[in-house]
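Please go over the structures that come below.
Note that chain A is present in both complexes that follow, paired respectively with chain B and with chain C.
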Partner chain A sequence: MNGAGSRSAPSATAETGPWAGDRFRLAFLAAVALLAGLFVAAVALGSLTLSPGDVLDVLTGRSDNALHDIVVMDLRLPRALVAMVAGAMLGLSGALLQSITRNSLAAPELTGVSAGVILLSVLWLAYGPAGVRTGRIVPLVAVLGGVAAGLVAYGISRRGHSDPLRLLLAGVLVSAVLQSATSMVVLVNQGATGGVLIWTIGSLNGRVWSDWALLWPWAGVTVLLALLSAGRANLLQLGDDVAAGLGVRVERSRIVLLIVAVLLTAGALAVVGAIAFIGLIAPHIARQLAGDDARRLFPLTALVGASLLLGADVAARVVTEPIELPTGVATSILGALFFLYLLRGQRR
Partner chain B sequence: MSDPPVLAADGVHVAYGSREALTDLNLEITRGTVTALVGPNGSGKSTLLRALGRLLKTTRGTVLLDGEAIARLPTREVARRLAMLPQGPSAPGGLTVVELVEQGRYPHAGPLRMLRRQDHDAITEAMSLTGMTAFANRAIDSLSGGERQRAWIALTLAQSAPVLVLDEPTTFLDIRYQLEVLELVQSLNRRQGLTVAMAVHDLQHAARYADRIVALCDGRIVADGPPPAVLTTKLLETVFGVHASILIDPVTGAPVAIPHAIVGTQGQRDLPGSS
Partner chain C sequence: MAVATGQRRSLRGRSGRATAAALALVLLGLSFVSLLVGYPTLSPAGLGEILVGGGDELPRLVVTELRLPRLALGVMAGAALAGAGVLMQDSLRNPLAGPELLGLSSGAVTVVAALTVFELSVPLVLYPWFALAGGAAGSALVLGAMAGTRGWNSPALLILVGAAVAALLGAAVVAIVRLGSPNDQQLVLSFLLGSVGGTTWVDVRVAAPWLAVGLPLALVAGRPVNLLQLGEEVAESMGLAAARTRVLVLVLSAALVAPVVAVAGAIGFVSLLAPHVARRLLRTPDARRVLPAAMLVGAVLLVGADLVARQLLAPRELPVGVWTTLIGGPVLLVMLRRQLGGANR
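Coming up: the complex of A and B.
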């Protein structure tokens, strides 16, 4: 068959290709295995350490140890699920932003979204109506802040047409303004916003099934949208002129992809706080393994992002035991190491 | 006239703010020919090509593709009839050649955006025409400048469009790769019957590889015709601002311009530090 023949032509020279199909499949399977391993570790490790067998017993309902049940089912399992899904969302958001800006240093925290999430949640915690000031309403409010900030940054960057670099500059501007507003609210309300500081660092401590219930529907929709936009991202990666020449409506496509990135970031951060660097690092790692084709890069980035945040959270809980670090501290250390690595690579 | 020109500019006027880039310009591109646009920097070559490829809205006037106003055609429909390669395109370095070339099928994609049999055929043919088959799985940033440009041309060929618009396809390439790209363009015209309109910086290349040279200056066409008729000492003086001799290349028979002085100077007034 002619079609099959032409399809197999490139793979005949696969060994010359740095990221030919086989290599990608291997990387994908390895990432799944790594994530599964981290998941078991996340559920097993902590102040009460369980064996993998104990974990399996609890998960399959065969455990007769009530403490194991509580630790796994009520504490560690929802927390691990939230970490994985939020990590995947942040990674995907970074990959989308890096494609539409054609800049590999683009990241969710540069779009203003993260600062918007934090400001609105802090405002709500300080001035929200009594009675509903805390609890599961906060992420819903925070999401609005993130989406609004992202759209404001986009509005500022537009000048007839949107320019990817201006978009990032506007995002940095919006972030700076919102962060100083957050600082003011925190200073003025030092008593009322006790739990706020942890929000601005980002933490997974105490994430339970109600958080998961808020996160997963949002995540399901946005992750699916992100994976479906890979083809469009590929075209935008070639630059505005090439994409327009191919018949892409560049402006409209970019707005759609930007909105997906904003929704991913806002949804994740509304549940885990201002976790940084996952959206920057995950696409970089995935790119080393999958190349730049977004149809491979995006799914692998989601897996890497999930592993990074889950791994960071396990480390934050376990390394300094019995003290637990905020997860955001662990991801910041990860970020610092990553920039060191980038610098060393450039000096070469 | 039974057969409209495949691509035409009809009274095209383009202004950037108050600066006029093209002034009431008329041009008809004949099917199956290679047309080279030449002119000094800022003469409007790129602007004209971008207008012809509907990357730029005209302030006044119309661009016609097969006799139809290009601005009224759906943009994907235009992409099936006209492939445009902008100047100095760049792709993520980790993209492989085949992944890049695949993007050329976007205008033909069905609702599911999956590659079908005719897509694979077009990709295979585009890679083979440009000699890129062996490079299919190489990353873009591992290619030489000439190979990279051929990969981009393969992308435009995968569009299966009968008209090819190239904006300075040889910029930043070494002389060998410049010829490689131009030879490829010529063979695509002769063997595949593609209509080519391209901006060319080097007059020798325009004279050797084009059927027709259109010279632009300050957004207007100042000369138009076969290379020997356009490439004259007078044109080089008035358009490019150089005194030159025109010789005939003994091997190719194409006219060659040898510039030897700048018009209106003694050859030293423009040197730094002399004023």
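Coming up: the complex of A and C.
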């Protein structure tokens, strides 16, 4: 593993020394431990607070308290699982977009991808053929919107000279227009799209096993795809000319990776709604720990994203108890502040 | 040579007046239509009868209590937003400066949403003051986050910081509505999108005094704003206290936006778009001439968009802000494409 980082990894920073592997392993283990701790907290905390011992009893089937069983097994456990997996997907999506665009500020919600996914989902909910308006088909349809919006923003930003901020500029404007269209569809179809507004902010409220059943097959495939595309992402990070020189078909690779990123976003959004800023922050934190090598960055990003969303959900549930805020409110507030902080570093 | 320049200037001046006259005519036409159409649709003769105080009871009430105040607010709000847009863009020398991205609208909306949702006993007359305070806080957040960074006034940075602050305050509005009156999506959307539906004379009376003072002041501000456009050093060398003037101009634009947000919510893209349209029409960046033209353009945009909002999907009505964003966003993107391309060099 020590050698793996430096063998062919086209790392831009000096994270390839003999200690890089150790550091990565340490960070990885720490992230796993953090996630495990948050998981216990997510299952234990709430209007009925359990001790970690109680939680363990329920999970191993030794509890004789029926209420504990219901609260943990039917409510908190599926919700925590959904939060972790969706967070990992959103984080990975951001990491992929950042590699494709070689832009550390790219994220699904800043490149138009999320807005495109949302608009098409809402359109499908409102006008799709009756009978298949909900369920597994929605993210499949929504992917088209995400890819289209991402390509539009990317296309606009590529005119003339390249600049890391131009993609976001185009992305923000494209998102504004798509959001407006979404609002319109929602307002015209109040009946069919009831509750959509909370979904466009993102919430984990009331996620149960049926949501998990919707999420995990999609997550299994797309997360695997994302991890497998790490090598290609590494090549794209070298820049178009170098990558082309190494025999990569740059534009095609980019579109393939964009599709993977949108698949991740669409799958997560379908279940938890448009939770913002996880895709921006998770890769940033992971990059501090793992460097730019995508083969390390991507797995760590998934762990960090899972921890972030799980933590935000616990916060949204516990802080304003007994009223529960949509999880997206918590991530938006924390994420926006973090984003402002990043911008300062970027422009100094 | 001097003669040629003089001639060209006078020609342009005339075309400016012609443009203004044409815009005024369009506005008049749109106003007329917006008083006529709807349920019940009136004939011009019927409308004339009502306006001089006659006509049947029902149509008269519809016109005088529903359509007229709505039209009045639309015209005033459009003019105020557009005027504020010119002031902000020119004094900050940033083509994307506007209440949306400067955090002004979102700050004001957050405060107004809190006042409404928590049913605090604040008289409506004071709403603009609260909106102004919220807007000032929002702008301070944006400008503070931008200040101190290299190339701090680039349009690119503004749009990013503005988007982040808008997301932050948007989340705050959702949280407020969630805590105060859960399950009311209509309420959230009408705050965030902006609407002049359901305007009464009370709303008009709240906003009117602000705009009666603010709009003439904005027109007078054309000269110092022109100097600010030239840059800090040039403005200083011509005897203008640039920093202080800029703050005053920004306060004035905030005072134009606050009453509009207080009664109609954050109507997007009017103040971003109208100044650019006016500059294109007049082919000049001269703020003294752009300001009145932009106000007319803003009023036309808002009244026109509201007409669409009322009629296109009738009897259902959408908030006018949906349409201004939906139309304004792509137009702005196309108009600014070249400028944005070179903006961050």
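Quick note on the criterion: the second predicted complex is superposed on the first by the 257 of 348 C-alpha atoms of A that agree within 3 Å, B and C clash if a C-alpha of one lies under 4 Å from a C-alpha of the other, contacts with A are read in each partner's own complex, and residues count from 1 in each chain.
Everything that follows uses one rule, which is that contacts are C-beta pairs under 8 Å (C-beta built on N, C-alpha and C of every residue); 3 or more make two chains touch, one makes a residue touch a chain.
Every value quoted in this text rests on a predicted model; they were computed, and no experiment measured them.
Residue contacts after overlaying the shared chain place A:255 against neither chain B nor chain C. In the superposition on chain A, A:169 makes contact with chain C only, not with chain B.
Counting the residues of chain A that each partner touches, chain B and chain C differ, and the larger count belongs to C.
By the touch criterion defined above, A:237 lies against chain B but remains apart from chain C after alignment on the C-alpha atoms of chain A.
By the touch criterion defined above, A:227 reaches neither chain B nor chain C. Of the two partner chains placed by the overlay, only chain C lies in contact with A:332; chain B stays clear of it. Of the two partner chains placed around the shared chain by superposition, chain B is the only one that A:287 touches, whereas chain C remains out of contact. Once chain A of one complex is fitted onto chain A of the other, the partner contacts of A:187 are limited to chain C, with no touch recorded for chain B. For the contact definition in use here, the chain B contact set and the chain C contact set of chain A share no residue. Touching chain A in their complex are the following residues of chain B: 50, 53, 55, 74-80, 83-86, 89-96, 98-100, 103-104, 106-107, 113, 116-117, 120-121, 123-124, 133-134, 136-139, 142, 155, 159. Residue ranges of chain A in contact with chain C, taken from their complex: 105, 110, 156, 159-161, 163, 165-166, 168-170, 172-174, 176-177, 179-181, 183-184, 186-188, 190, 194-198, 201, 276-277, 320, 323, 325-326, 328-329, 332-333, 335-337, 339-340, 343-344, 347-348. Put simply, chain A touches chain B in their complex at residues 2-3, 6-7, 9-11, 13-14, 16-20, 102, 231, 234-235, 237-239, 241-242, 244-249, 287, 291-293.
Of all residues in chain C, only 145, 148-152, 155-157, 159-161, 163-165, 167-168, 170-172, 174-175, 178-179, 182, 185-186, 188-189, 193, 268, 313, 316, 318-319, 321-322, 325-326, 329-330, 332-333, 337, 340-342, 344-345 touch chain A in the complex they form.
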